[in-house]
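A, B, C and D label the chains in the order they appear, each numbered from 1.
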Amino acid sequence: MPGKNQWYIVDGYRPPLRSGEAEYEGHEAIMILNCSDVDAHCLIDVYFSDRDPVLGIPYTAPANRISGFRSDDANVFEGLNLQVNTQYSLRIRSDVGIIVQYGRLDVNQPNLAYLATLGFTE
Amino acid sequence: MPGKNQWYIVDGYRPPLRSGEAEYEGHEAIMILNCSDVDAHCLIDVYFSDRDPVLGIPYTAPANRISGFRSDDANVFEGLNLQVNTQYSLRIRSDVGIIVQYGRLDVNQPNLAYLATLGFTE
Amino acid sequence: MPGKNQWYIVDGYRPPLRSGEAEYEGHEAIMILNCSDVDAHCLIDVYFSDRDPVLGIPYTAPANRISGFRSDDANVFEGLNLQVNTQYSLRIRSDVGIIVQYGRLDVNQPNLAYLATLGFTE
Amino acid sequence: MPGKNQWYIVDGYRPPLRSGEAEYEGHEAIMILNCSDVDAHCLIDVYFSDRDPVLGIPYTAPANRISGFRSDDANVFEGLNLQVNTQYSLRIRSDVGIIVQYGRLDVNQPNLAYLATLGFTE
């Protein structure tokens, strides 16, 4: 089965929401590629610098699709209250092999800045 | 044989075509390094967020060369109609070990933004 | 135990301190994710281009937290005098599995530039 | 011995030389960390898109140092004539474990753009 079952996003950080000159809005997104014929049932663990982690937030990555969510997605992070300007990390555990990437778009300036990193897996 | 036989590009995204102030044009490119003495016969699978994947698009990475293609290359993606502003992922399978990298250049602003990631392999 | 015990940051470089137009300050940071229930006792080795390395600087990455430090953090690099505009590398050894990422924010221009890389591990 | 003996830089590209607004000059650099107590004797292979590779360029990465070279360094690439605006890739073979990273700074615009990637190793 392609992919891995455990991924880590170390440098999560929600940039302040503001619109830049380009037709973009500042955001960050977690993208999950599932090349299998079955849905991937994921559990998301969120780590913070100053409090205990929130463990086991469920997310389903559909079979044969690229899917994902933004860090301000209330459907995924309901009740978590992931603040702007706060450092956090993610661990994503899945029952099916997946590939995880993190992207951030910062528009706190006239021009945008991109940041993209594959998650860490082992 | 150097390299790996299966690669994944998670965060494919075609930026709108527009020229920036620099002498560049917005684009994204998939680069394939083949350090072997034989050509690499690749099959490209394209994954989407809202429809079934398109599997098995052929591409030949010549022996002892760095080669590649842009996501708007009709010779490679003939009939696929990979839209601007659409999220997609790629899986590249090869009969010869290769190394794959993805790059994007976004010029939807006065200044360019770079994004570069090695593909994921296992 | 999640993570690895030995990490390398190749391209350490302290950008000059200056404030850009955005609400940021130029800096670089090393982020360490510890998903274990015990603290990670790390030893940081700093490599230079023109002198012998400084070995064994202690740092504790608390259990179940994302933590980190800036390269100008005197609490961590006391007496090291890590200069602006100087190339350096880091090796981080830990008694507990961790995941390490490096980020740099350069504001020596009207707009910021991001650089983010996972450390190398083996 | 820390590090690996074979590294690949897929996306080599020399940006045009021009000075931006920041106190930087456009360039790209290959950085090699050698944490061993012995010098690393490297052989650099350069791959092109339209001609045969140039193999076996010697480079010594000193023991216990971060070292490196720019792609326009005539001491390393003597006679190679690595052109601006040309795509190339590198393979770096070493008799001692090393860690290799590639960085590019593009200043063909008022603001700089960074690109940083760890080499691929296996």
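Convention: a contact is a pair of C-beta atoms (placed from the backbone, for glycine too) under 8 Å apart; a residue touches a chain by one contact, two chains touch by 3 or more.
None of these values were measured; they are calculated from a predicted model.
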{"item": "Centroid-based (C-alpha) most distant chain relative to chain A", "value": "D"}
{"item": "Interface sides of chain A and chain B: same vs different residues, half threshold", "value": "different"}
{"item": "For chain A placed onto chain C, the superposition rotation in degrees, Cα atoms, nearest 5", "value": "90"}
{"item": "Chain B and chain D: spacing of chain centres that average the CA atoms, whole Å", "value": "22"}
{"item": "For chain B paired with chain C, centre-to-centre distance based on mean C-alpha positions, whole Å", "value": "31"}
{"item": "In chain C, residues with contacts to at least two other chains", "value": "110-111, 113-114, 116-118"}
{"item": "Graph class of chain-chain contacts, one of line, ring, star, complete, other", "value": "ring"}
{"item": "Chain pairs that touch, as defined at the top of this document", "value": "A-B, A-C, B-D, C-D"}
{"item": "Footprint of chain D on chain C - complex, ascending", "value": "6, 8, 10-11, 16, 45, 47-50, 52-53, 87-89, 91, 104, 106, 108-111, 113-118, 120, 122"}
{"item": "Chain A partner contacts - residues on chain C that touch it in the complex", "value": "2-4, 20-24, 31-33, 35, 64-68, 99-101, 103, 110-114, 116-118"}
